[in-house]
Each structure stands twice: as structure tokens, then as C-alpha cells.
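For clarity, chains are labelled A, B, C, D and E in written order, and residue numbers in each chain start from 1.
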Amino acid sequence: MVNAIYIIVAALGAAFLLGLLKSEKRGTAYVITLFALSVMTWISAGWVWAFVMERAAPVDFLTGGTSPPFSINFRMGLPEAVLTLLASLTGLLSALYMKDVLCALGQRAMAVLLVAVMALTGIILTRDLFNLFVFFELAIISTAGLMLLSEDARALAAGFKYLIVSQMLSVFFLIGIIFAYHATGTLNIDGMATASLGLKAGGAIAFFFLFIAVVAELKPFPANGWGLDIYESAHPGFAAIFSAATSSAVIYAVDKLLLIGGAEWLPMATGIGVITFLAANLFALPQTNDRRLLGYSSIAQTGLILAVLGQRDILGDNVLYIAGGLLLSHAIAKAGLNWISGLVAGRELPDWAALRSRPILVFAFVTFIAMLSGLPPFPGFYAKWEMVRILAGEGRIALIGLILLGLLIEAGYLFRWFGYIIKREVPAQSVRCSPFQISAIFVALASGWALGFVWGELSNQYFGHDNLLLAIPVVFALTFLLLDWLPAWVKNSIAIVGLSLFFYLTFSDYDPLRMIFAIIFLIGGAVILLASYDSKGRRIGFYPATMLMFAGLILLIRATDTFGFFAAWELLTIGSYFLILRGKHSEPHALSYIIFSLGGAFLILAGFALAAQGAPLFNIDALAQLTQPLAPWVFLLLAIGFMTKTAAIGLHIWLPGAHSEAETDVSPMVSGILLKAGLFGLIVLLMTMGKQQLYGVELTYVMLWIGALSALLGNLMAIFQEDAKRLLAYSSIGQMGYALFGLALMNHLGWLMALMFVINHYIYKSMLFLSAGGVAKRTGTRDMYRMGGLITLMPLSFIATLIGIIAVSGVPPLSGFGGRWIFYNAIISSEYRLPMVIIFLAGPIAFLYLFRLIHTIFLGQLKDEYRKIKEAPFWFILPQMIYVALLLAFAVAPGVALRRVDTYLNQIFPGGGLQWTGTEISSAYGYWNPVAIMIIIAVIFGTLFAWLLFVNRKAQKVKQFNIVYAAERPYRPETTHFAWNFFAPYRKALGFLVQPFATRFWDGVTNTLHTAADISRRLYNGNGQSYAFHLLSFVVIAYLMRMGA
Amino acid sequence: MTYIALATGFLLILIGFYGALTNRNLLRMIVAFTIANSGINVVIIAIGYMHGRTAPILDATVSAADALTRVIDPVPQVLVLTAIVIGVGVAALMLVFAYKLYERKGTLDISKFAELKW
Amino acid sequence: MIKRFLALSLLVGIGAIFVALMMSYEPDASLNLTARYYAENTASETGSANIVTAILVTYRGLDTLGEVTVLFLASSIIGLVLSLGNKQNTTLRKLVPVGELLTTGKSYLAPIIMLLGVYVFVNGHLTPGGGFQGGAIIASGMLLLLLSDPLKHFSHALISLVESLSGFVYVSLGVLGIVLAGSFLDNRILPLGDFGDLISAGAIPLIYSLIGLKVGAEFSSMLANLSEMEDLQ
Amino acid sequence: MPFDWMKIPYSLLTLFIVVNYGFFLNALIQKMGARAGRRYGIPIWQNYVDMIKNYGLRSSITHGAMFYLGPVFRLSGGVGLLLFVPTIYGSYMFSNLSFAGDLILALYFIFFGTLGMALGAGESGHPHAAIGVSRGLAQVSTAELPFALAVFAVALQYQTLSVTEIVAAQQGGFLQWTLFTNPLAVAAAMLGFLGSMMRPPFDVVIAPQEIPIGPPTEYHSAYLALMQTNRAIFPIAKIVIYMNLFFGGASDWPTFFFKVFLIYLWSAFVGVVFPRFRVEQSIRWFLIWAVPLGILSIILV
Amino acid sequence: MKDELKIRVVKGPDGVEFEVEPLKDYYCEAAPTVMPAAYIKVVEDLFNWARSESIWILGFGTGCGAIEMRPLMTPRFDAYRFGVQWRPTPRQANLFVISGYLSTKTLKRAIRSYEQMQNPKYVIGLGSCTINGGMYWDSYNTIKRLDDYLPVDLYIAGCMPRPEALLAGFQDMKKLIRAGKAEGANLYAENFEWYKANQKRVIHDWDMPDYNW
């Protein structure tokens, strides 16, 4: 392989060569620059290839004709190769990206760029401490020089601040070097490591200075104001280098230093890293400037990686996989985002809405923020998983908590930003970009996905997890990215066929329990997708998101180990987030959805990690073998995580907005199908772990209470909604409460009831959402009181709603009754009386909102402007009618679905099941006969109806104002339709129960975070001198803490 | 002797830092840093100094054979040379920045260049 | 006031660390591992009488390359900054004429200073001094020229040519080291010669001369640029 | 309990008896109310006459399909409720169609008629009908609660949901009645009972002078006749459940008539004594007085 | 015509504008028809008997005579024992007691209420004002002969008639009904044009459909 020194040589040679050119020959100079960068890239790539493919051993390259420690040597190993490749490739792409600027400024600027990249590779490669210092200084000076590339006049000041800080750092670095040299008699890093510097006289303090000087380059909190200024004002092309390459190089330098310092310095690295990670993410929250936000995020990410490096004592060899995954994700994403920021004219976050004119850029943006947030299938996800797993195995719970909290905050502002892009008004200035710039971004995008694949493969190789990018459902979903140019109906057909086909191919894999979910996810999804035929055009972005959600769902039920389960969980979360975000006004709701979901997901992650106790592959079934004192905590974490998805009360505030603001065909998906994922999680959890006790409290008992309260408060809140879809959304909270209650009963019938709810809720909630959505589509509003009297205009929607509400309310003869019947039988054998009372209270309340739903929309007075509207589109009606048929069929023959499950549940809860004799279903306490009920009611109803028809055969059909009105006549339909604040007396009596306590609580949390961030970020007052103060304080504090420890 | 040099060096560093922390004028800050740089150079040299020995140059008085016992540690000297040059480079750069900043705002007060913050 | 107090208290903290460092310092009684190697082997391996030079140019040649690059960077950036300035209003200043003494003195002194500089870097491997020192001396000669005639314009092209060419050759020599002697910046690409001769110590004098030229050119270019920057006002 | 065809005529017989007894009892209670006001009151057959007259009205109007179906739902609910519960304990003839389901079926079927009626009233487009429904649903949701709690307390007590078995458990002397074995549940249920009988103080739903007369404002002629028929059946059907659950059921018709009369009288008794509650007042009343009793009864079972 | 009844242009949710004509769109325009009696005589007799024994009065007090109707509900008179009840809605009422003088303003309401009752329906004119205007015979604002505007089945004379007279009137009404002579609704339908013309002559701000279903 090529000597690694040629990387340096190529850059320097080219840089010096540029000076020989006349200043007019900028084109040539540019070509030389590119060539040099390409050579550097090529050499590094060659080494990467050698290490990865040929398993080469690390090589030392000597200089000065002597072997180390007497001369400087370079080392090329896998990490060095990857990092030099990263640095030089970033440099190359940025050079491409900055073509105009570089050519305008001339060869000096190109030389500075070359030297900058060279310095970074030098930092990575060198094994000599003083040489490291030299390269550091080179990097600093070239950074300051590259600040001049910026068009932003403020960049100068930023460069100066940087120089102030780096002057101080140089002093510390040099003190550290010279005393370390004095202590060990060598300048070689490996030499120092073997001489165990820390044990020598003054060695610890010397190392402290070294460490501080290098770590401070990572912009640790609070000594990082200057870094933010650089990020904010630098040219985006350079900011990409600074963020992606410089951070990576410095991190590697820290890694080398830690080699010298040994294990005792690791906690400090972790501490600084975690504090930086949290603080930077927190401060990013109130940030509105895009580049500064990116800066905060970069600082946070490097902090995280530093923290990971600090955990190398327990991460062992995995540190490469984890830190590497995080580092590469961060580098690629940040480079990409910075490049994109150069294409956006405005500097406020909402200005990025301009990206919407180029879907590929939006896709790139999504990819990048997914990489940053550690979402699958990107390396950060694998890294996150393994890191948390190992940390949990070693009991570093607090660290996990802090890291996950930081990740959550980061995801919060990143996804908020994405929301702006998708939802905010497109600014006047559109995206301008050259093919070079696009190609740079595209390379980042492609390498992001490629790395996702690589990390998946590595994960497969080392930990035995499946590569997510090879999972058929994921591949299927991603295919839609390529097919996005097709018209929507074609894609819809492919999607429906795909779902059905997958079910057909795999249906023999599922046990009866999973079968129910498989049917709902796959077939149910296909049925709802029928409604999507209604949308015209191409519907960019809808199908990848939808299919990603379905991929996640189906992988969820197919998962056997915790990794697969968690990956599927995150996939479905992202997919559904994109789906929800598509709604017209869904920006804030989608955001709260993703934050709650990710928060829940992190709890699940922590729970799984805790359960695995460090084992790389942990089967879900093995949860059953957990013992005290671990088991209840695992249970708690997982349960809260899953309950976030089912929107249990307190964690529910994301649901109403997310479900109601989603598009018409999305609402049924996220409500009818997605919520079941949470239930499935709970079922898996309860099936494996059963009842758990924490401090003597029965956790399932707590869940019982939560379920009951969700049912009650969900229903109560539904009563007071004016918005039809919001009402249905709140109703979902209540319904999920019932299901949760049933599961928490932990007996045979309770589970049967929960599964019955799963089926029923899918059918009727999908139907009602479609129906309400169809009406909303026709009327252009979701406010029920604005509607009224639509029964004659939209009879089919009315029928669907009618059947739906009868089913929801549990009135015989429809299938809801079966659920209620099983429910009563389930609780009669249970010991828990009090929560039962609550859930009793919830029952009749359901009537109130259901009546309101149907009354205020379809009955009452028709309004002027809706006199001419038509029935909902055919494609909305079709699935509704399918659901009507299903409901009726399921009402008559619930055994079709339930009987097998009933038998299956005997394995989990032996005994206490139902008897199925003929058409009669009986339990130990009671019985019912759905067929008989249906026939009897039909006969009575039919007879009476016939009789009334006979008696009333001459009835005169009248119009809406032909009502007795105390001898007056109605004024206008609006004033005659009693619909607004329909249950006013109820609000008077019980309104105190629906005070938005949870909303206030979570608002309080976010406001506190925001305010805290907004106040404390004023620390960065922009004065370079203050930053010097920060730095010195950081040094002193770090020293004191070090001494204290 | 060494301790005095070390103390002087450290004191210079602290003086330099104090100057950099308390003077708002850009040029004064640069000068302050130069002082600090001199301080660190003194420290480096002081570390290399060994009592009773001579400069690491082999000539008539110090032959290659007795260099081991006669010369002081050459490495700090090498390092200080590099450090000085780097210090000069950075100082020059800071001057240029200061100049450009002055050109832009007509002031050398660092607190006036705080547009980038928070 | 608060600021000063804060600064003082912080510096007391830093000073305390320094004191701790000093307290733990123990002077070496004998040369340490690395120094001993250099003391013992420099002469035989490099043929350079000045051990510092030998270390600087060969053993730690990469540092030196970096060092040179630092200066190169600084001068490039200064040039860049200059090129960013608006060149339109290049109005020459009216200056007080410099004194006779200076004008005459410089025409005698400047060549000697330059020559001294060259001497210093050419003999870098034998006597104290070397490329950096020599380059600095050359630059001081330039400074003298500038002082005597502030409006003097140096040939940027020439400076740049010297700067770049010497740098390029320097790097090329380093590469030659890989090709001919096995490692980067190995001075043994040329014969070591007789110890103590001017032409000895392999490539060290050559490299040091290049460094001297380059440093001189870079300092000069910085000075010239800074001075011209002044002119622009 | 399998189905056989003889169930149909038997059920119709029960229906016939109950309809007539219902008409009679309604008139009787009305008459007793009149007597409490020192009036003579309506003739005992008055309700029959009213019903015939309403069937005999020549014209009628309709506001739409749901308006049309409302009374059908209503009466189906009444008839179904009656037939899903065995009327006479131990009698095959009058066990009606209880093979179709147990207590839970009956409890949930109560809402069938309510729901249908509310929908029909809704389609009439009359705001007073909607206001009435709003009030009715709000009130009934809390009035049913103590009843549901009590029912469940009873189910827990007897560990069954089958009405027949519950009655069977209460045989052997009136001390075996739930009334004495679980007085709290009965108290709660009987308070809830008041709320579901549309009598003062819980008749704000139909408040005749304020929102004449609530949900049925637009109903007339044959619709009204159907609803009147339901008024005869539904209270009895409901009382049958109370009787079976709390008062030992009835093993023959005389006992049946007597017990039903007494239970019915309870609501009439309260009705003539108390004035009317507003909706939120009655909600609070149920939550404060009746629900705690129900909760206690469930906890103490 | 009142504003709310004028033809108005409305924009639908899809942005298309169209006209709404309240009188046509919100009200049924059909004219009343003559409703034949039951085909079988016995049935009609049974119905007539039931109608006579179950007289539901529309509980509107249209004039001062309404004061005399209240005592009928009290223990002293107790009209309930004759099968007489008050209903709060015209839909369920059979008998409309015009209790005293009718101003033209009230006439409009009376007509509307009458038309909203179901066939067969009966009208009793209570007091002399309904017969010839009574003490308001020269008022510009009261109607003088109720019979011109609504088909009156029975007048109860007096100013005011005592509750006993009302009871007697009800008994006479019952006789009429039982005899099948109380066909005011059909009379109204047959002579609809004539009644409307009379009504519109006195009601100048006619702002309702011709027949209020």
C-alpha cells in the first residue's frame, strides 16, 4: 500500500505548488487542489480497503531515518484509515462544493484548504505528541484562515475569538508536552503510554494540561462559545469540514491521549462529554439560526462521542464500533446538513422550507437528521443500541439516562426543524445550487445509507442481529423511494399487493395471538390503503413513509430478539411520524408525537438493555427468566415505553393532535393500526414477565389503574371536543385504556377482551375516522357544530358511523357487545375492585361522545353552504362498507377470530377460558349467543318497522324548518342546530376532571427546558474575552474536579 | 536556577493571561499573548536545562564521545524553536485579523465584536 | 472591577496548578532516554555537529515541515486578507522623508544582513542557528529596507516563487528520503561527508537552506503584505 | 337453554301480559299521583284510549329515515329488554328468550332504545329535541352508574351473571333477598332507579314548559303510539331486572304484579314529593349519594 | 319579506356559489290534502270514540281566556278525568283552544300552530272575541271572526266563560267528534285557497310558507 505520508506530501506539495502559479491561473489551481485532495482520498480509501477487505495489520511509517521513539512516526490502522478517508473526502467534497468561492479567492485560499485537510490527517496519523501539537496549530491557523472564505463579515470576529482561545490552549498544550516529556523522557505517544505518565512526578498534572488542551478543541461546555461562532459564520462548505473532519480528528487525538492517561482519566472524559452533550442540546432548543443550531448539534455529538470514549473501560473493543458509528453518522450528517445550509438563502430555521422545491434535498435532510438522532437503519442506531446494552450490563444507569435524555432533546429540535421544512411557507428565495454542490450532498447521502448497510452487516457479524437494510419489508418500503415518480394509484396498488402478498407468504408463521396482529397490520393496512386511491397526483413521500411504518409493524411481530423488536419499533415510529406530519396543520402535533414516541422508545431501549445484562443477543422470551431485583425495573421501563404508544393517560397528549390532524386516510392507519403496536408490546411484556412487584406494589395493579383512568378521562375528554377527528382521537385513548385494563387484569378473559378490543377498535375506529374524514373532506371543516343534517346527502357515511357507534358503545347486537361481555366476565373473577369502579364510570360516558358525533354531523339542521355537497368519495366509502360487513360478520361469529386465540391463551393462563358450544359462548359466570341475539333483535325490529310502515304509509316528508317552534319559525339553520358545547351541563358537573393537567405538566417541562436554555445560553455573550474566561474557568473547574475525584 | 526560570516562565504566562483577560484592546491582547508565549518558551527551555552542562553542539570542546555527559537535553531546544515560530505565525495572523476588524468597525475594542452570540 | 477580580481569581487557580506542577518538578540528573540517544547517535547517524539541527531537520523533520507550513499558512492568509481588501482606493500616503542616515545605512547594512542570514542557515548544522534563525535575519534585512522606504514594493512574484519553490523542493527531498533512504525526510539521501565540514551531514544543510529561504521569504512576504495593507488606508 | 319454537308464542304471551299490566300500572300510578294532588285523575283505561287515538290519527309527517326508525328502535329496545330476561322464576313458559344472553346483555340492551330514540329525535332537527337528548344522556350516564355498580356487586356476590341463577340464589325466604344480604347495593340501585324513570326530580329531560317536551317534541301519531307502548313495557322490563336481582324475583304472576307495583311505586313516591333537579345537580346528586353506596357495596362484597 | 327568508347566494366548501331560497329549500311546499276516514266504518267509529275520549289540548294561551283554562287542571275541575290533557307541542295536540281575542300578530302564530297539528284536529273559539270581536270589535289590530281564518268546530260564548263552561264545551266537542262531525282539518284543506286569502288579507307581513307542515 501507499505510504501514508504521501497523504501529507500530496497536500503540502500541491499547496506549495499553487504558489508557483500565476494568480490568473485559478482554474488550473483549482484542478490541482482537487487532484491533491483526490490523491489523499484515494490513498486513504486504499488503506480502508486493505484493512477491511484484506484484514491488513496496522502499519507504522517512520520519518527521519530512525525508529520511534526517537523520531516521529505515523501509524495507519483501521480507525486512522477511516478517519483520514473521512477528512480527505470531506475536504474534496467541500472543495467541490466551494468551487465558486475558492476560484474567486485564488490559490492562497486553496492552499489554506489543502493545509487544513492535511493538518487534520496529520492529527489522525501522527504518534508523536509534539507533532500532534504542530498539526493542531496548523489546523487552528488554517481554520482561522478558512473563516475568511465566508461572505459573512462577522466571521472575522469569530476567527479572532478562536485565535484567542487557541493561544491559551497552545500554552497549556505546550506546558503539558514539556512536562510530560520531562516525566517520561519521550515524546512518543505509545512510549508515554508504556512509561505510564500518570505515575511519574508531575505526570498527572502534565497530562491534565495535555488532556484539557485537546479536549477543549472539542468545544466542551462551557468553553465553547467560540466554536459556535465559527459554525454560525463560517462558509457552509468549510463548516462541513470543521464539523465533520475536524471534530473527528480531534476526537481521535483525544482517544490517543487517553491511551497515555489510562483508565483513570476515562471518567473525566465521560463527564465532560456528557455535560457537553446535554448542555449543547439544551441550548440548541431555543436556537433559531440554522448554522448555529448545527453548531450546537455538532458540539453535542462530539460530546457524546467523547463520553463514549470515556467508557472504553467497559466498552472494550466495541468502542470502535460504537464511537465509530456515532462519529461517522455525525460526520456525514453534519457535512451534509452544512452543505445544504449553503443552498438555503435564509438563516432562520423556517426558511429551510425552500428545500421543498427539491424532494431529493428533503430526503437528504431526513436522512441526515435520522442519522443524528440515531434512528435505524443508520450506524448511530446500532451504536446507540450496543452502547446502551453494554452500559446497562455494567450498571451505568445514570449515564444511560443522561445520554438518552440528550438524544431526546436533540431529536426534539431536529424534528421540529424538519417540521418547519415540511410545513412552513416556502420563502420567496428558492434553492440555488450547482451540480457540484448537489453531488457533494448526494455523496453524503449515499454514504450515509451505505454506512447504514455496513453497520448492519457488522452488527450481524459481531452480535448476530439482522441487518435492517436486508429485511424484506424495509427493502420493500425503501423501494418506494425509487418509485416515487409513479402516479399514486400505481404505488397504492403495489403497496396493497405487497402487504397482502407478504401476509399470504408468511401467515403460517404466526401463532394465533400474532395472527390477529398480522391480519390487522397487513390485511387491515391494505383495506385502509383502499382509501388512498382517492388521492390524485404522485403523493410524493407518502408511500415510503407508510410502508416504512408497515415494515416496522410487521417486523415487530416477527421479531424474536430484543434488537429486532426495538429496531422495528423505531422504524414504525419514524414511518408514522412522517405520515402524521403530512397533515395540513400537524406540525406541532407530529413533533410531540415523535418526541413522546422516541422518549418511549428510549425507555424500551433502556429496559431491554437492562434485561440483557450485557448479552449481545437477548431473546424476548428470555425476559421471563429475569429475577428480582432487576425484573420489576425492566418491567417498569418497558411498560411505560409501550404505554406511551398506547397513549395511556398522562402520556396521551400527543395523540389527539397527531391523530386528528393527519390526512384522512392516515388517521385510520395511525389510530386503527399503529396504536396496536403498543398493545402488542404490552402483550409481549406481560406474557413473558407476568406480574411484577416493586417495593411491594403490584405493577400490573398500577397498570390497571392507568388503564381505568385512561378509559375514564379519555372518554370524558372526548365528550367536550368540537372537532370530529379529535373526538375520535380522545375516544382512542379511552379505548386503549380498556384494552390496557384488560391486559393488566392478567387473566384469561381479560386478555381475550383486550384482543377483542384490538380487533374491534381497528375496525370501528378505522371506519369512523374514514367516515369523519370523508365528511371533513367534503365540508372543509372538522368542527362538528358547523355541520349537521348531512344524513340525506351522505347516507353511506351515516350508515358507517351509525354502525360504528353502536359497535363502539357495546350495544347489542353488534360486536362491541362481545367485548363488553368478556370484559364483565373478566373482572368478575378479579380481585381489583376500585379500578373497576372507574372503568364502570367510563362506560356510559362513551355514549355521550358517540351520540354527539353522529348527531351533530349527520342529524339536526343542514347548513346553507353544505346543501350541495356530495357523498364522500367512493374510495372512502368502499373500505367503510367493508368494515360494516366485517362488523356484522364479527358480531355474529366472533368465534372465527377468538376461538383459536382462546385456546392459545390457555397456554398462558390455563383455565378460565370460554366454552364454545354451537353458537353459544359461555364462561364460568354467564353466557351469550351472538346469533340468537342478532336474530331476535332483527325479528323484533323488523316486525315493528313493518308495522310502523303500514300505519304511517301516508306520512308527508317535510323539510328541515318544518318543526314546531313555539308557534314561531326557525331563524337560520345555524341558530337552530344545537351542537356547540353540546354537553354543557356535563362540563358544569364534571368539567373539573378534564382540566388539562397532563398538557400543563408537559408544557411546563418544555417551557422550563426552553427558559433554562434561553437564560443559560446568554453565557455566550459574544465577547471573545468572556470566552477566554470560560476557558480558564473550565480548566480550573476541571482541575478541581479532577483533584476532588 | 531552573526553578527561577520556571517560575519566571509561569509568571509571564499568568501576566500574559491577565493582560489578555483584562484588556479590551485587540492589540493589547495580542501583545499579552506574545508575553504568555514567551513565558511558555522560557518554561520549555528551563525544563531542558541541566546544571553545569553546555549547548548540544559537538565541536572541539565537546566531542561526540562525551556528549552524553556534557550536553544538555537538546529536545526542548528543538521544541522551543518550533513553538516560537508557531507563536510568530499565530501572532501575525492575529494582527491581520485585528487589522481587518479595525477596518470594519473602526474600533479595536473586542466587546464591540459580539454580533455572534447565544 | 469585577472582571479584574474574576480574572485574578481564575489566574490564582491556574497559578496554583502551575505551582503544583513546579513542586513536583525534579531536574534530571542525566539525559533521559531520548536525549541520550540523540547525544550518542546524532553524529554517527546524521553527521551533524549541531544536535539541535539534526533533530530539527531529520528526527523531528516532520515538525519542522509543519512549522514551515505554519509560516506558509500565515503568509498565505495574510496575502488572502490583503486580496480581500478593496483595492480601488489605493491612494499613496504622503510620508515624512526618511533620514539620510537611514537611507545610507541601509544600503550598506542590508546586503550584509542578508549575507549573515545566509551564513547562519548554511552553517546550521555546525554552529548555533539554522534555517529559522537565518530566515529571520534575512527578513530583518527586508524590514530595514521597508523602514527606510515604506512605500517600497517588493516583487510578490519573486517572494512567492522563492517561498513556494523552496517549500516544494523541501517536500520533494522528504519524498526522496522515502524513495532512496527508506523514510520520510531521511537526510541520508546524500552522503554524510566528513563530520564538521560545511558540506556534510547529508541533506541537512540543503534542507536547512531551503528552510532558511522559505522562512525568509515568508517573513518577507508577511512584512510586505502588512506594509502594503497599511498603504491601502 | 336451547331454543325451541314454543318460545315464540310463550314470549308473545309474556309480552301481552306485560303490555297490559304496564298500561294499567302507568294509569294507576298516574291516578295515585293525582290523588296525592287531591284530583280524581284519569280513567284507568285512559292510556289505551290515548294509544288508539294516536294510531288513529290520519296524517303524519316524517323528517327522514332515522326519524322514522327512532320509535322502532325505542320499542324494540323495550320488547327486547323484556324478552331477554326471564320474567317468572322457575317457569319455562315465562323464561322468554333469556337463552340468548345473560345479565350483561340486558344491561347493554337498555341502551339500544335510548340510542335509537336519541338518533330519531336528532333527525327531527328540533333544537329542543337535541337539548333533551343532551340532558338525557348526561343524566342517564351517571344514573346508570350506581345501578351498574350494584348489579356488579350482585354478580360478584353470587359469582354469576345469569339472571336465573341470581334469582335462584335468593330463594328460601325474603331474608335471602339481596335487599337484606347486600343492602348497600340495593340502596345504590334504587337511587339509580329514580334517575332512569323520567320522573321528578329527574325529569328535566322532558321539561314540558322549558323544552316542550324534549326528545319526542316532533313525534306524533303512530310514532307516539309506538313510544307509548314502549312506556308501558320498558319500565316493567326494567323493574323485572331490579326485582330479579334485588328482590328475589317472582315465581308466579301475582308475586310479579305485586313486586313490580311496589318497585314502581318507589319512583312515583319520590316523584310526587320532590321538585325538579337541573342536569348538573342530578349528576352531582348521583355521584355524591348513589355512587359511593355502589362503590361500597362492591368493595364490601 | 324578512332578510332570512330572502334568496341568498352561498359559497359551498368547494368554492362553487349557488342560491338558497329558504322558503323552498327549508320548508315543505306541499298543500294540505283531505284525509279520508278509515275505510271500515266500525274502525272509524272506534277511532272517533278514542279521539273523543282522549282530547289533547295545545297548551298555548293565545288570549286572555287562557287564564280560565288553568283551573281545569286543578282538583276543583280536574279535566283529566274526561280524558283531556294539555300537550306542549302542536304535533301531539288535537284540540286548539283559541282562548280569547286574537291580534293579527297572534293570528299568524295560531295559524302556524294549527297547521302543525295532525289531522283530525279541532278548534274551539273561547269567548265572544272569537265570535265577533267582542269588546275589541272596533280594534284595527284584532280579528273579528275567527271562522274566517281557521275552521272552528265550537264556540264557547262568554266574556270570559267560566271553567265550567269550558268543561261543558269539551263535552259538546266530544259529541261532535263521536258523531264524525268534527272534520275541520279536511274543511281547511278543501277551502285552503279561501282561508289563505282571508289570512293574508289581515296579515300583511306574511313571512312563511302557505302551509306550515
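Just so we're on the same page, a residue touches a chain if its C-beta (ideal position, glycine included) is under 8 Å from a C-beta of that chain, and two chains touch if they have at least 3 such contacts.
Just so we're clear, the structure is a prediction, and the values are computed from it rather than from any experiment.
The minimum number of touch steps separating subunit B from subunit E is 2.
With contact taken as defined at the outset, subunit A and subunit D are each touched by E. In this assembly, the chain whose C-alpha centre lies farthest from subunit E is C.
When each chain is reduced to the mean of its CA atoms, the one lying nearest the mean of all protein CA atoms is A. Subunit B and subunit D have Cα centroids separated by 99 Å.
Here the spacing of subunit A and subunit C, counted between their Cα centres, is 54 Å.
Computed from the mean C-alpha positions, the centre of subunit D lies at a distance of 35 Å from the centre of subunit E.
Spacing of subunit C relative to subunit D, judged by their CA centroids, is 106 angstrom. Annotation for subunit A: residues 130, 134, 137, 141, 144-145, 175, 179, 181-182, 187, 954, 956-958, 960-962, 964, 1029, 1032 touch two or more other chains. Shown for subunit E are the residues that touch two or more other chains, namely 28, 35, 89, 91, 213.
Shared interface positions of subunit B, i.e. residues touching 2 or more other chains, are given as 13, 17, 21, 47, 75, 82, 86, 89-90, 93, 97, 100. Here the touching chains pair up as A-B, A-C, A-D, A-E, B-C, D-E.
On subunit E, the positions that touch subunit A within their shared complex are 4, 8, 10-14, 16, 18, 20, 22, 25-28, 30, 35, 60, 89-91, 109-110, 112-113, 116, 208, 212-213.
Of all residues in subunit C, those touching subunit A in their complex are 6-7, 10-11, 13-14, 17-18, 20-21, 24-26, 28, 32-35, 37-38, 41, 45-46, 58-63, 65-67, 69-70, 72-74, 76-77, 79-81, 83-84, 160-161, 163-165, 167-168, 170-172, 174-175, 177-178, 181-188.
Subunit A meets subunit D in the complex at residues 789, 791-792, 802, 805-806, 809-812, 817, 820-821, 824-825, 827-828, 833-834, 836-837, 840-841, 843-845, 847-848, 851, 854-855, 859-861, 920, 925-929, 932-933, 936-937, 940-941, 944-945, 948, 951-952, 954-958, 960-966, 976-979, 982-986, 988-990. Listing the residues of subunit A that touch subunit C in their complex gives 3, 5-6, 8-9, 12-13, 15-20, 61-66, 69-72, 105-106, 108-109, 111-112, 115, 118-119, 122, 126, 128, 130-131, 134-135, 137-138, 141-142, 144-145, 148, 175, 179, 181-182, 184-187, 201-202, 205-206, 208-209, 1029, 1032-1033, 1035-1036, 1039-1040. Contacts from subunit D toward subunit A in the complex involve residues 3, 55, 58-66, 68-69, 71-73, 75-76, 79-80, 83-84, 97, 99-105, 108-109, 111-112, 114-115, 118-119, 122-127, 130-131, 133-135, 137-138, 140-142, 144-145, 148-149, 152, 155-156, 159-162, 212, 217-218, 221-223, 225-226, 278-280, 283-284, 287, 291, 294-295, 298-299.
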